[in-house]
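Structure, as structure tokens:
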Amino acid sequence: MALRVAVAGASGYAGGEVLRLLLGHPEVEIGALTGGSNAGTRLGELQPHLPALADRVLEPTTAQTLAGHDIVFLGLPHGQSAAVAEELGEDVLVIDCGADFRLREAADWERFYGSAHAGTWPYGLPELPGNRAALKGSRRIAVPGCYPTAVSLALFPAYAAGFAEPEAVIVAASGTSGAGKAAKTNLLGSEVMGSVTPYGVGGVHRHTPEMSQNLGAVAGEPVTISFTPTLVPMSRGILATCTAKARPGVTAAGLRAAYTRAFADEPFVHLLPEGLWPQTKSVYGANTALVQVALDEHAGRIIAISAIDNLVKGTAGGAVQSMNIALGLPEELGLPVNGVAP
Amino acid sequence: MALRVAVAGASGYAGGEVLRLLLGHPEVEIGALTGGSNAGTRLGELQPHLPALADRVLEPTTAQTLAGHDIVFLGLPHGQSAAVAEELGEDVLVIDCGADFRLREAADWERFYGSAHAGTWPYGLPELPGNRAALKGSRRIAVPGCYPTAVSLALFPAYAAGFAEPEAVIVAASGTSGAGKAAKTNLLGSEVMGSVTPYGVGGVHRHTPEMSQNLGAVAGEPVTISFTPTLVPMSRGILATCTAKARPGVTAAGLRAAYTRAFADEPFVHLLPEGLWPQTKSVYGANTALVQVALDEHAGRIIAISAIDNLVKGTAGGAVQSMNIALGLPEELGLPVNGVAP
Amino acid sequence: MALRVAVAGASGYAGGEVLRLLLGHPEVEIGALTGGSNAGTRLGELQPHLPALADRVLEPTTAQTLAGHDIVFLGLPHGQSAAVAEELGEDVLVIDCGADFRLREAADWERFYGSAHAGTWPYGLPELPGNRAALKGSRRIAVPGCYPTAVSLALFPAYAAGFAEPEAVIVAASGTSGAGKAAKTNLLGSEVMGSVTPYGVGGVHRHTPEMSQNLGAVAGEPVTISFTPTLVPMSRGILATCTAKARPGVTAAGLRAAYTRAFADEPFVHLLPEGLWPQTKSVYGANTALVQVALDEHAGRIIAISAIDNLVKGTAGGAVQSMNIALGLPEELGLPVNGVAP
Amino acid sequence: MALRVAVAGASGYAGGEVLRLLLGHPEVEIGALTGGSNAGTRLGELQPHLPALADRVLEPTTAQTLAGHDIVFLGLPHGQSAAVAEELGEDVLVIDCGADFRLREAADWERFYGSAHAGTWPYGLPELPGNRAALKGSRRIAVPGCYPTAVSLALFPAYAAGFAEPEAVIVAASGTSGAGKAAKTNLLGSEVMGSVTPYGVGGVHRHTPEMSQNLGAVAGEPVTISFTPTLVPMSRGILATCTAKARPGVTAAGLRAAYTRAFADEPFVHLLPEGLWPQTKSVYGANTALVQVALDEHAGRIIAISAIDNLVKGTAGGAVQSMNIALGLPEELGLPVNGVAP
């Protein structure tokens, strides 16, 4: 019998992508769809790319509308997930696409989000050491941020192998859907087409502590992050260019071996053959991360680059992958490996 | 047991999209992949969005490499399909994504393509009256052109109902993948970004006779087409704006009823609710055509607009849909209805 | 001594483009810049592409702030220009980039804008017969809409020569800046990139009566317009594809001669050599309209296509060109003929 | 009397942009335009955005066609400039937009370009200490690479002040025109739209030694560069994100003071107010570099970001600016400061 799923925040980009993937998932059935100001509107007007659900009408996001489902996805503004989750039973699988339960240190949360820390849930990036086991059987999942997903996949093998100095310099390019569906003039098509725009420069982006947390756990020591995100003129995709000083003795062959080993059994991470570098278009619509790594001998730095679709592997796909693991389903169920290109 | 499929022209855009769809099709198994100048190259270098086939190596397009398959897709330059098809057995399902077997009138072919006419195969646009029956059990299929698909779906209900004068004016906007993967300076990203570019203006585009053929068959009289295609800055998608003078007595309600009836049972054509108009992004990656129609009472014209993904419903998706029909499989098998958006 | 110019609505797209052009105009000096909700903000934050004015602070749009200038450009929401203009002296040159004074028939205004008609000013499209003379010495100018500019330039020579039936079918593609700088979710970059979106379909777009007015005046009889505008993924540019049935006896040579004659002395309209068609990128940032025309003998239709930059020839450039004429300055002063490409 | 200019390579992107700027320059007159395989073609077909020169026909690039001009711009493939320059008189101002004469160390040239070093000419980045003086009166100018222009402007004040460790990490995003007008499938619009693509990763990009040369000269010690360029979906623009470890004692105030001082008198470098970061769109078509700098105290790094138009300040505009200096003309003559946006 199909598992019943509710999606809170079904009119946003994360919610829409969760729905697109779930429509192709053989074990689930889509139940309540809820929204904030959009409650009462047909989904066909809000997400016209989902004709299969065009006649569904959004309900308000309340405990009542979300009750009676096996799985609830939350695509809510930061800070709103805890209250909703509390009202759902402990046997309901709650998957939070927001930031509320990602960070382990309350101090990090308070510094970057300015409110009280709600807690920490199992972290939905199965590829990081230990995470797959923690997700198995869990009924609460914190979906990682899109940038931390891209960056952690690119760098963790280098830190796991002890090859990189604990200071990483990361510049990431993201499609504009990463900024959400809010009506802001700086996100208008007229503004973003033809423009590369940095933002959150100088260590103030909220995804910075999450990256430090992930890489520090793998490295066994604190990892300092210099992170500069930029918006580029495309709807989807993240390319994360990540470098760190190589520790003495690191060789190109050793580096490659570490990455090959790290991703050998991963269904959604594809280490490219030497000489090829990832591009975002290749993962459009797919749950795949493409990764490449090299040693710049002249500069003495490891350079690792990953490409993901921020809405799939970076949000909704990672969420469904974690859902599959939590429920004991095949990890790859309902998740596209191949991108939509060109 | 899975049906074995070969794809000739696997390095092009049509071939790549056929592969993407077949990778999600439960009844087929991908056999030989062939190419022209790219024979010998790993598919991972040519189609990096298909990691599932990254290690496959392209073979040359010969009768030998294509032999021993149940189904052969041809994504070859115009004029090359007939020779290849002749060497394949009559029990092999041959699906030609090129133009060679689309036109019924040899004179049309000769005028627009300048060579001898190869013949006519059952036409892979199942939604047109009579076509589904002709495709059933067929072992040869001519996949329609992308523009004729969009235009025929937008206008045929009006002509079937006798509502439109037999002179249609069509302006279509296409993503650049419609122009193929050939290295030409006018198709460089630097040239197409920021530009809308008409081409083949004045009735000289090769898809014009195909549209006349489709609409004329439905109308029961010759339909003259004024067709202007334009390239717009996106990879995929066609928006076809189609108008024709309304015949006396046509009403908005009657028009809508005709369209509702025409598409009532169609799994891949979605007539939008009144007031909503299709946009190409909604069908990105999907086999869906979105259609809307209205009567401009002031100008006395029917206006019908359709949006398709030129590489899916306009090529590879239409091909797989027709394949399903020919083989007696469920028509929707392996074909996405929902688009990848935003 | 330089003429002092004020710009009301300096934070919008029209206002910003007026400023960009005026900064390169040798006879003017930029005075007050005003805004609505943005009053009090530095222009550097609102129009970061104008470093020459970065330190200017927007004032509120009042009679007081606009007083004391020789020229006032109005880039205000529709319906607000009349009140402002009334307070400015009759010797001040007032150039309205809004729609308020474009239409001659009060009934047209009321039907399409739903308020009382403010009046009619000399129409700032100098290329139309009679307009240049009317602009000379005028102290009030109504800047045409961007679509009517593109469409009128493409079609008026055909109507002036009596070559076209009085029913035109027009499909236009516009960059998103034509929709203005308002924060709306449907204009977000994530939505518009990858999409062609029709809007105002079926004769309801407000620019329709303006086109009829322009072409009807030239034709000497009413001209019915079927107009479908679409938004395409670029910031700027309009491509207008305009067709009309050719009257009996019209020849390709006669048609070309009519267009050659019409534009022979026009500094800002460039009739392309036969076989070349305009593309929007060529006029990016320029006050140039590129035009081409052909006779589709098979369909019996004249097809004329024009490309303009909607913010330059379609708004701010047309405004400055008309300003030059009104003031007796050389018509081309301060206006770029060459586009910024690629 | 106007100076006569010839442009070799007038059909390429650099050549086209030189022409666009020179058409707005009051002291020059455009003479011979030459091309390679395009000799004999009308410029109107190759550069349709320059209607002012549409009827000019390209001549072959020979000593004869280039003779008799006061100024010759060379937009030729790397390695071809020396031979052409030798045939031009010493009193002719030769401005090479290629790489041939940029590097001081023959070994650098040989390693990155694999041929014999042609020599070193005064370097056309006037903002770097000492360069303006060297350009004055010179009759040979090497126009800098586009990436080195962006990176050098972003970082040189930090190195000049002794604030940064001599190891810089740079990730730059470039519009596709930086890759030139060659017909390559990886540069097709279908490929680049929707994609961020790294290339030349790991220290192998040819602009790397040029950056080291510029920053090392300012720092007074060798500066190691880790440089990763990426192509993003836009025609023009470079955003360079440049970081380096801050030396002990560096403060945010001191850093800002150094940048303020460095650019105080520069007509084409605009240091943004604190809190605003440059975006490429703001400099579209302009010779302006927008720069911002900050100290990331947590990561201990200086972060400097610059935005330029790769074809203007990064190529043709820098070339004309240097031409003005060499000839004793006002440095800003004919060069736009304000960008074309949105």
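In this document, chain identifiers A, B, C and D correspond to the written order of the chains, with residue numbering beginning at 1 in each.
Throughout what follows, contacts are C-beta pairs under 8 Å (C-beta built on N, C-alpha and C of every residue); 3 or more make two chains touch, one makes a residue touch a chain.
Everything numeric in this text was worked out from a predicted model, so none of it was measured.
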Remotest chain, chain B as reference, centres from CA atoms: D
Of B-C and B-D, whichever chain pair has more C-beta contact pairs: B-C
CA centroid of chain B to CA centroid of chain D, Å: 45
Centroid distance [mean C-alpha coordinates] between chain C and chain B, Å: 37
Chain A residues counted as touching two or more neighbouring chains: 13, 177, 181, 188, 190-191, 193-194, 233-236, 278-279, 281-282, 284, 341-342
Of chain B, residues touching chain A in the complex: 13, 16, 20, 23-24, 42, 44-45, 47-52, 54, 177, 181, 193-194, 235-236, 270, 272-273, 276, 278-279, 281-286, 288, 290, 336-342
Chain D contact footprint on chain B (complex, rising order): 13, 175-177, 179, 181-185, 187-194, 233-235
Interfacial residue positions of chain C with respect to chain B in the complex: 167, 169, 171, 173, 188, 190-191, 193-199, 201-203, 224-226, 228, 230, 232-237, 239, 241, 243, 277-282, 284, 292, 294-301, 303, 305, 307, 341-342
